[in-house]
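Right, one structure below, let's go through it.
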Amino acid sequence: GGSSTPAATGPIKIAMVVPLSGSSAPSGLTMKNGAQMAVDEINAKGGILGGRKLEMDVQDSACDPGQAVSAANKAVSNGDVISVGGYCSSATLPTLSIFNSKNIPMIIPAADSQDLPNAKLPNAFLINGTGVQQSAAAVAFMKKEGMKSVALVDDNTSYSKDITTETNKELNADGSIKVLVNTSVTAGEQDYSSVVNTIKTANPDMVYWTAYYQEGGLIINQLRTAGYTGKIMVADGSVDASLIKIAGSADAEGVFATSPPTPATLPGAKDWVANYTKKFNAAPGPYSTQSYDAVRLAAQAITNAKTTDGVKVINALKTIKGFKLFTGVLQFNSEQTLKSGGFVVLVVKNGKFVLKDSLQ
Amino acid sequence: MAMVEFQDVEVFYGKVQALRGINLTVEEGEIVSLLGNNGAGKTTTLSTASAIVRAHSGRVSYLGKDITKANPWDVVKAGLTHVPEGRRIFSTLSVLENLQLGGYLVKDHRTVAKRIARVYELLPLLAQRRAQQGGTLSGGEQQMLAIGRALIAAPKMLMLDEPSMGLAPLIVAQVMEVVKEVNEQGTSVLLVEQNARAALRITHRGYVLENGMTTITGTGKELSADSRIVDAYMGA
Amino acid sequence: MTTILDVQDLYISFGGIKAVDGLSFSANENEIISVIGPNGAGKTSAFNCVTGFYKPTSGKIFLQGKDITGLRPASIAAAGVTRTFQNLRLFPDLTVLDNVRAGMHLYGGQNFLDAIFHTPRFKHSESFMTAEAHRWLDFVGFAGARGIPVRNLAYGQQRQVEIARALARKTKLVLLDEPGAGLNHSEKQELLQLCRKIRDLGTAVVLIEHDMGLVMEVSERIIVMNFGKEIADGTPAEIKVNPDVIEAYLGKEDDPDPAEPSAGVHDSKESGL
Amino acid sequence: MAKSKSKSERVNDNAELSDNVDASMAPRLIGKPQSRLSALFESKRLGWAALAIALILPFIIATPYTLNVMTNAAIFVLLAAGLNIVVGYCGLLDLGYVAFMAVGAYTAGIIAKSFELPLFFTIPAVLIMTVLAGLIIGTPTLRLRSDYLAIVTLGFGEMIRLTANNLAITGGTGGIYGIPGLQVFGIELQDPVRFYYVCVAIVSVFVLAAARLGKSRLGRAWRFVREDEDAAEAMGIHTYKVKLMAYIFGAFWGGMGGVLFAAHLSAVSPHSFVFLQSALVLMAVVLGGMGNMRGVVLGAIAITLLPEMLRNFSDYRYLVFGILLVVVMVFRPQGLWPSRAYEPERGFEGTKRSRARAAAKGQTS
Amino acid sequence: MVQLLWNGLFVGSFYALVALGYTMVYGIIKLLNFAHGDVYMLGAFIGFVALSGLGAIPGSLSLVALAIVMLISMTLTGFAGVLIERVAYRPLRGSPRLAVLITAVGVSFALEYGVSAIFGPNPRVFPVRLSNEGATMFGARFSFAQIALMVIALLLMFGLDTYVRRTSTGRAMRAIALDPKASLLMGINVNSVITRTFFIGSALAGAAGVMAGAYYGNINFLMGFIIGLKAFTAAVIGGIGNIRGAMLGGLLLGLLEAFGSQWFGGQWRDVFSFAVLILILTLRPTGILGGRVTERV
C-alpha cells in the first residue's frame, strides 16, 4: 500500500536521489556520505520531534531522467517525507513534479541549473548557488585579476554548460574581456589534446573549466604540458583533492576555483573534515558539505513545523531564519534559491585549496 | 585391421533421426562406395566418421581406436580426411591459400609446396586459377579444388561426398582416375556417389543405405549386377 | 511457337577471364533447352546475366520482346524470369511452405493495412498462398515434412523445394542450374518427368546439366558452350555425334581413357587466358 | 522440457558447427512444439490473458513506484516491438534505435510545448518526422551488411543525441521540460493510473499490429531478406524497398515510444538517449527471442524490471545485472521465448497417394 | 597544424591498439566484443595494483618498472580474455550471433561495476606518471613519453600483423571466420585458435590500458566504455576483421577527432567524425581495407 501520508511515529525517512552508477557515481557517493554524516550526528543527539530518528533512503538515478523518475517514485512509495537529493539537473527536473504532487519538500544540494527555479514549483529549494551566481563570481574575479581574454570550456552537461553560457553572456555584455574560445569536451575521455591545442593557439589570459575534477585534472595537466602559461580557473565541481592529484601538484599549483567556501577553507571546519575522513576513510568531495547542510536544514525545517507534513514543512522552509550553512547564513530569494551564492575564489597553494578572495 | 568401422551407429539432429544403426567397414587399401537415396544418411555417415557430427549411440573406430567422441582435428591428424558435400571452399581465400589450408597440419612447408605442385599436375585447371578467389570459381572448379585440398594432407584414408557432383563427364572420369590412383598409392577411400555407374567402376566393395540403415552390400561387380541397384541407381 | 527469351551477343568478363564471350541463343514456349559445356564454360554466368545478378559487359537480353538487360534481379524476376541456383539458395531457417510462398511474393493481393486489420482480402490471400504452396510442393513430388525449416531436409529434398519455389512464380521462363546434381538415377527419372510437366505448363525451360543421360532424354534442343562461346546448337541426336562436343566435353562414352580427359582439361585451360 | 530441448539443439549445433556462424541472426529450432504447455504458449488467448493481467495489476499493487515501473515497462515493450521489426524480422542490426525514440520525443515535446497542444495532436507530426528519420538512416545503409550497419546506426544514434544536446530548439543539454501532458477532449490523462492504462492501450495496439505485420506478406519478405538477399531478389523481392519499410515501421514504433516517454516524464533531455538505451532495447529483443513478438514483450518486461528489482543492491546493481544477462543467455541461447519456424502440416503428408494426387494436379494445372 | 596531426596520430594509436583486439575477435567469430573496452580498463587497474605493490619507485627506474608491469598486465588481461571467452561466449557458439552480443554487454557491465565495487567509483591516480618533457619541432610539441608509447604501440601492431600474415595460424583464423566446419575438416583446432585470438587481443588492450594510465595519470572504472566504442568505430572504418584496417582506422579516427574539434568545436567533434564514417561506408560498404565479398550465386 503506497499511502504517502507521512507516519506520525517511527523513523523519519529522507529521500536522496543521486547517481550511484554511471560516470557521475563518484559525486553520488560523496553526497551520500555527507548526508549520512548529518543524519548520524542528529540521531546521536536523539533525533527530532521528540526522539524520532532520521533515516536515509538513497536511490540511484544514474543521471538518467527515466531512472531518476523511477527512483523518485520509489522514494515516495517508501513514505519518505523530504528529499535532499538532486545532482544532475536534467535528471532532477522531472522528479520535481513527482515530489511536488505529494507535497514533499526538496532541498537540492547540488543541481543548480536555472531550469530548476524556472519550473516554479513550490516544493523545490536550492541551497547551492546557481550557475548565474557562480558565473557572476567568476566574471568579478576575472576583472579583478585584470584578464583581457579568456577561454570557456565545459563538458556538455547542463550544470557546466549553464555556467559557461552565463559567463559568456556577462562577458559579452560587459565587453572588457574577450572570450577567445568557448568549447565543450566529452566527459569520460582521457586525451583532451585537441581542445588544449585550440586554447594554446588562441592563448587567452585565463582558461575557465566549468565541469568536474576528473577531466579538469587532465585538462590542467595537458594544458601545462603543452606549455600554456596563462591562468587557469575551475568551477566548484572541480574543487576536490583529486583534481590536484590528477593534474599533478606542480601543474595544479596556482589554479583558481569559483566555489562556495569549502570546510578546509572555513575556520573551525577542520574537525568536520577530520570526522568525515575518519568515518568514510575518504576526503569529502564536491557537494558533501551541501548534502550535509541539506539534511540539517531538513531536520530544522521539520522541527520548526513540528510535523513531517509536507505543506507545513515547505512553509517552514520558506520562512526559515538565521540558519547557518557552510556557505554562511541561509537566505532564500523569491525563486527559493540562495539570495547570494556565497561564492568565493579559492586557489591551489602547496597542493591544497585555500581561500584566495571572498569577493566581498 | 579395418581402417574405419561403424557398429550400430545412430545419429539424431535434434528430434530427427538420421542414422538408425549403420554397420560398415573399410579395410586397408579398399575403395568402398556408399549408395543411397536422398536423405538416406550418407553425408551424416561421413560426418560422423570425421567427428563433426556426434553419434547418439554405437561406435565408430578408426584403425581400431574409438573415435566416437574424438575431436575433428585429432581425427584429421590421424590421417582421416573428409571432402564434404557442397565443397565448402573458403570463398574469399585464393585457390592457393585453400590448398595451403589443406596442409594445415603438415609442419614442413616444403612438403606442402611439393604436394600442391602434384595437385596442380593432377588438376591442371587449378594451376590456372592459383590467385582467383575460391568463391568465384565455377561449381566444377570448386569441386576440383575441394578434392585437391584434401589430397594435400596425404591422408591414410579419404572420404569423398559426391565428388562428381557438378562435374562435366570428362572431368568425372578424370576425378575417378585420380581417386583410383590415390588409392593405388595406398590410401583407403570411402566414396559417396550418386553417379553409381562411375563409382562402381572403381570400387572394391559397396553398401546401400536406406533411411539410415545399411541394407545391401557386396563387391563392385556384384552390385553392378544387382538388379535393385541397377534400377535405382544406374539405370539400364 | 513464340520466342520467350532472346539473348544476343552476350559478353561478360572478370579480370582476365572471359566468362561469357559472345553468346547468343533463344528459348521458345513449350520447349526444354539444355545448356551443356565443360566446367567453367560460362553457363552459370550466362544465367546470372539473364537474371540480373551479373551486369553483362555488352550484349542484349530480351524477354518476350522486352529489353531486360542490366535491370536489377528483382525487376527481371518481376518481368517473368525465375531460376534455381547451382548451389542451393533457400531460406534455411524458414519452413518449407514459407520458402515456396516466397515465389508468390509478387502476386500478394494484400497490403500492410490488410495485414494489420486482418481484412477479408488478407485472409483470402493467405489461404490462397498456402494452398498454392502445397500444390506446387505436390507438383514437384516433394514427400517430406512441410512445416519444418528447410535446413533440416536432405540435399535432394532441398532441391525439390527450390524448384517448387521457382515454379510458384508462374513465369513464362524457368532457368534450372544443374537440378540433377546430387540426385541418383531414379530421382533423376522423376526430375525428367518434372521438367516435362513444367514445359506442359506452357513455359520455356532452360536447364544446365552435366548428366548426359538426362540431357539427351529430356531436351528438345541442346546448346553447347565452351570458353564462353556457343560451339554447337542442335537436337540431342546431332549433338551426340558432333565431334567438337565429344572432343571438348563428352569424351568417348564409357571406358575413359586418361589421355583424353587431360586433353579436355588442357582445352578448358585456354578458357582462362 | 524447453530446457532439455535447447540443450539437444546445442549438441546438434556443435555438430553442425558450420550452421552456426553463417547462420543468420535468426533463432532456429528443429521440430514442432508438442507438449500441451507449448501448445498453450502458441495459442492466441495468451495475448489476451497477458493484457488482462496488465489491466488488473494496478488494483493489486498501485504504489506510485510500481505504477511508474509498469508504465516504463509498457513503453519499453513498445520500443522493443519496434526494434524487433528491424532486427528480429528483417535482420538489420540497429545499435542506435533510441534515435527514433528521440526524434519522436523531441518532435512531440517541442510542438506540444510551443503550441500548448495536448501530445496526442502531435502524433501526425511525429509520424512524418520518424518516417523521414527512417528514410534518412535507412537509405545510406541499404548496401551495408550487418555489422557495418551496426556502426552506422550507432553513429546516427549518437549524432542525433549530440545534435539535440547542442541545438537551441531542443533546449540544449537541459532539454525540454514542462511538456503538456496527455489529454483528449479535456479529459486529463496525466494521473499515473490513467496514464498507465493509456500506455497499455496504445502499446498493446502497436504490439498486435507489429505481430500481425510479421505474419503477413511484408513480414515474410522481411524474413526472406534476412535469410538470403540474393535469393529474395531472385523471387522478385525488391530488397531495398523491403528494408526501408522495416526501418520506417521501426522508426514510427520508436517515435511513439518517444511520445509516451515524453508524456511520462513531461520532460525530454539528451541524457535519455545514450547508447546504453539502444543497447537495452536490443537486449530486450534478443533476451526475449528475436522475431517472436511474445518473446520480445517478455524480454522488454524482464529488462525493465530487473534493474528495478536490483535497486536494493544499490552499488552492485549493474554488476549483478550484467552477470544475470550472461547467465540467462547461456542457458537460453535462443532467448527466453524463441520464435519457432513451424507450421501445421494440414495433413499433406508425403505419401504415395499425395504424390499421385500431385501428379494429377500437375496435369490439370 | 603539425601539432594537430601529431595529437591525432597519438590518440589514434591508442584507438588502433584497442581496435586490433576488436577486429581480431570479430574477424574470427564475427562477435562485436563490447567487453573489449573494459578489458583495456582492467589492464589499467591491474597495472595500478602492480605498481602500487612495487611501492615507491625512483623516477629513473619508473620506465623499467612500467615495462615489467606492462608485461604482467598483458599476461593477466590475456587470461582474462580467454576466461571471458570460455564462460560467456563459447557456450553460445551455436546460437544466433546477437545472443553473444548481449552476453558481451553483460560481461562489460560485470567488469565495470566489478572494478568499481573493488576500487570504488572514484578515479584512481596512477602511481607512475611519465615525465612530460619533450622537444619542439615544426612548431609542434612532441613529448618523449608520447614518442616512446607510439613506438611500443606500432611495434605491437606490426608484430601482430606479421604473426597473422606469416604464420599458418593467421590463415587458420581467416578460415574459421569463413567456415568453421570446413576448418575442422582441415584439422584446425578451432577452440585453441579462438582462445589464442582472445589472448592476444586482450593482451594488447591490457597494454594500451597500462600505457594510458601511465601517460594520462588517472584511471576509472568507466574509462573503457568510450574508447571501446571508438575502437569499434575504428575497426569498422578500416574494414572490420582486417588487422591493418584496424590500425588505419584507429589513426584516421584520431585525426578526424583532432581536426573535427579544431574546425567545429568540441561539441560537434563526434558528430563530425561519425558523419565522415558514414560517408566512408556509403562509398566503401566494407570499410577502407575491407575485403570485397564477391557473393557468387
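Read from first to last, the chains carry the letters A, B, C, D and E; within each, the first residue is number 1.
Note that a residue touches a chain if its C-beta (ideal position, glycine included) is under 8 Å from a C-beta of that chain, and two chains touch if they have at least 3 such contacts.
Model, not experiment: these values are computed from the prediction.
Note on connectivity: the fewest chain-to-chain touch steps from chain A to chain E number 1. Least step count on the touch graph, chain B to chain E: 1.
For the pairs C-D and A-D, the larger set of C-beta contacts lies at C-D.
Greatest centre-to-centre distance from chain E is found for C, with centres as Cα means.
For chain D, the chain with the farthest CA centroid is B. Here the CA centre of chain A is 74 Å from the CA centre of chain B. Inter-chain spacing, taken between the CA centroids of chain C and chain E, is 48 Å.
The distance from the centre of chain D to the centre of chain E, with each centre set as the mean of the Cα atoms, comes to 31 Å.
A separation of 46 Å divides the Cα centre of chain B from that of chain D. Residue positions 9, 12, 14, 16-19, 23-24, 26, 30-31, 165-166, 230, 234, 315, 317-318 of chain D are each in touch with at least two other chains.
Across the assembly, chain E contributes residues 113, 116, 179, 181-182, 184, 190, 267, 270, 293, 295, 297 that each touch 2 or more other chains.
Residue positions of chain A with contacts to 2 or more other chains are 21, 156. Interface residues of chain C, counted against chain D in their complex, comprise 51-53, 72-75, 77-78, 82-83, 85, 89-95, 97-98, 101-103, 105-106, 108, 110, 112, 114-116, 118, 122, 125-126, 130, 134-135, 137-149, 151-152, 165, 169, 197, 200-201. Those residues of chain D that touch chain C in the shared complex are 19, 23-24, 26, 28, 30-32, 209, 212-213, 215-221, 223-224, 227-228, 230-239, 245, 341-346, 348-351, 354-355, 357-359, 361-363, 365. Touching chain B in their complex are the following residues of chain C: 14, 17, 36-41, 44, 86-87, 144, 152-157, 178, 181-189, 210-213, 249-251, 256, 258, 260-262, 264-266, 268-269, 272. Residues 168, 171-172, 174-175, 178-179, 181-190, 291, 293-296 of chain E are the ones that touch chain B when the two sit in their complex. By the touch criterion stated above, chain D contacts chain E in their complex at residues 9-10, 12-14, 16-27, 87, 93, 140, 143-145, 147-148, 150-152, 154-156, 158-159, 162-163, 165-166, 230, 234, 275, 279, 282-283, 285-287, 290, 315-319, 321-326, 329-330, 333-335.
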